[in-house]
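Okay, so chain A shows up in both of these, paired with chain B first and chain C after.
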Partner chain A sequence: MSEDVTGIVVPIHLDYTYTPGVAASRFLRHIAEGNYVGQRCPKCKKVYVPPRGSCPTCGVPTDEEVELKQTGTITAFCIVNIPFAGQAVECPYVSATIQLDGADIGFYHLIQEIPYDQIHIGMRVEAVWKPREEWGTTTESIAHFKPTDA
Partner chain B sequence: MRDVAVVAYSAWNGVEHERNEVEILMPVVRDVFDKVGLTKNDIGFTCSGTSDYLAGQPFSFVSALDAVGAWPPIVESHVEMDGAWALYEAWVRLQHGDLDTALVYAVGKSTMGDLLDVLALQLDPYVLTPLWPDPVSLAALQARAYLEKTGKTEDDLAAVAESRGRRVDRASGYIASPLRRHDCPPITDGAAAVVLAVGDRARELCERPAWICGIDHRIEQHQLGARDLTRSESAKVAADKAGASGVDVAELHAPFTHQELILRDAIGLNGATINPSGGALKANPLMVAGLERIGEAASRVLDGSAAKVLGHATSGPCLQQNLVCVMESR
Partner chain C sequence: MTEPLVAPHVLEWGYTRSLGPTLTAFFTGLRDRKIVGAKTKTGRVIVPPTPHDPDTGEDVDSLVDVSDEGVVETWSFVSHPRPKQPLDRPFAWALIKLDGADTAMLHVVDGAIETGSRVKAKWRDETVGYITDIECFVPA
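Up next, the complex of A and B:
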């Protein structure tokens, strides 16, 4: 009697040349210069960062660029204790949604320079940039966010 | 049945290195709305055809909605198929009776990944995909079987390429025998959008709506060895059910030259002008090219140059699935 075939392994690998798009490319080039630049919707006036070139509410292009301050407010956070494949940061660490002053949408970054049990929603934070020679077209140009001194 | 018509169509295709899918789609959606003076607030139902495998990004179909604006919440659906099948779903949805307008769109960036590898994944995952057969090689098997059975030659294939505006070079080598470069579609990015409207609403929105008088789609065996690749029974049945006889213009979604011949045999298009747009041999944006065929055919009614037209879309390897949409002026 032959054995039942209960499973097969089929390795699949696909390569892509990823294009962030015009709006996100502009955002990333601004980051490489040390600036956080969002885009404002001409209809509802909301400011999106990172911008995606359109307002998902109104469905119109967001052409106007808005330079944002590098301070903001934590709107949600999570203490990550579980390692997983491809993890870039050592556990434990804090991932947070930060709404920059002047923006209408949060984005993700790390919170450091504070004991994790003291982090709370509503906490004021500011960007801590890496040394200038490490800046590039990536949000990793910012090392993390830390509580503002004020 | 409620009378549903195509009232507007817009499309763009080409090779795009800068813009992402949303940025390709947005001007197309805006243009199709401008043609009939509508905004997203006037649309009852929105349905899209895209593929996350093309973008290499899960939930890219959700991102694509940024081009429309989905707040306050809209009535919306998506098919992981060519936009022609999204149009079919929208047509069914409009039959429910409570909505009068629909937006159908498709977007695809075929150039971001290796399209031949991506398309190998639509095959049977146990015995076919592990061999990574590319769609050109599979089409070549079909073309070889077709030439052997019908006695037609590579010159007959070249004649199709020539009439679709391709530069024919019989001295060029085979990509996969018997197919040469001019027998195969270009790899294209693109987006297309159609507005559908019901009855009096359609008559308000444009002078000559392209009324859908028949629409049908059929599917054949997934396993290529289990069907006769030299003919298209599914296209024949869909065309018969949709009432394809007597059309002035037919836009056939035939990515390969021999597939146009197989479709012409199946649908029986006596005297019709075929693929005045150049069809998929000119531009073949995956997920979009089928909806483009319906839109291009409808445009001949909208501009008053034809009375009855046919748009055809295919999906899957070797014409596995076929959709036929027949439209007329009234």
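Up next, the complex of A and C:
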């Protein structure tokens, strides 16, 4: 008689077809060309990047596109010390909210090329792109952000 | 260039669940081609087994084998199975009360079905200790 069955694997597998929608699709197609392009609200003039197609405050479509500089400021960050399945970067590393110059909201990206314990809120950073042939309709076209003075 | 982008997106978690003593008996039983239930102190037999009597909360009295044949209590027919469902042809999910049990167990019935149908487990050639060791139930 073999040993008892004391555990079972219970896989959960969800197959989605994802669409980011019209506004984020435009944003990602600009990313594939090497540009960060946000959208400006016609009423409050806030610039959203990545854009969602409307202003959540004013409730109006944000039709005007705005090309942004690829420098910005860290507004919040997190030092990731816990490994998990599918992790792309070795621990510890820093995931940060970055507000690009000219934008009114931030987005998440990695901060590299600096020891993780020297990163701080307010640090000036710039985008580091992967080689041109690796660009696509994904924010992974940008390898990471690095301090502007690094 | 105005069509929204579309991409596949898969979310997957391969959880490993530890079974505890009662379900260890149930799954080990499946591997050995038998179905194990829990007998409460009042004499009811619960399948699949629970560690406690759901009526009183007391520990169950013992684990007992029940038949791999039983009666369909209720069912729901699947005319167009999805890719990961147990059978690739129309089948029924059914609550089956096995002979010797007082509760019904959810499984799959392949073939003609109605409430009250007698069905019997169709075991796989190779069993591993998983609910799919019973491929399905078929008319008895």
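Assorted remarks:
Keep this in mind: the second predicted complex is superposed on the first by the 135 of 150 C-alpha atoms of A that agree within 3 Å, B and C clash if a C-alpha of one lies under 4 Å from a C-alpha of the other, contacts with A are read in each partner's own complex, and residues count from 1 in each chain.
Throughout what follows, contacts are C-beta pairs under 8 Å (C-beta built on N, C-alpha and C of every residue); 3 or more make two chains touch, one makes a residue touch a chain.
Since we're looking at a predicted model, the values are computed, not measured.
When the shared chain is aligned, chain B and chain C each come close enough to touch A:12. In the superposition on chain A, contact is made by A:4 with chain C only, not with chain B.
With both structures placed on the common chain, the touch criterion links A:59 to chain B but leaves chain C unconnected.
Using the contact criterion defined above for the overlaid structures, shared-chain residue A:22 touches chain B and also reaches chain C.
By the touch criterion defined above, A:137 lies against chain C but remains apart from chain B after alignment on the C-alpha atoms of chain A.
By the touch criterion defined above, A:118 lies against neither chain B nor chain C after alignment on the C-alpha atoms of chain A. Touched by chain B in one complex and by chain C in the other are residues 8, 10, 12, 14-22, 24-25 of chain A. Residue ranges on chain A touching chain C, taken from their complex, read 1-2, 4-22, 24-25, 28-29, 137. Interface residues of chain B, counted against chain A in their complex, comprise 16-20, 22-23, 26, 29-30, 40, 53, 56, 63, 65-71, 109, 111-114, 117-118, 121, 125-126, 129-130.
On the side of chain A, the complex with chain B involves touching residues 8, 10, 12, 14-25, 52-61. Of all residues in chain C, those touching chain A in their complex are 1-19, 24-25, 27-28, 30-32, 84, 128-130.
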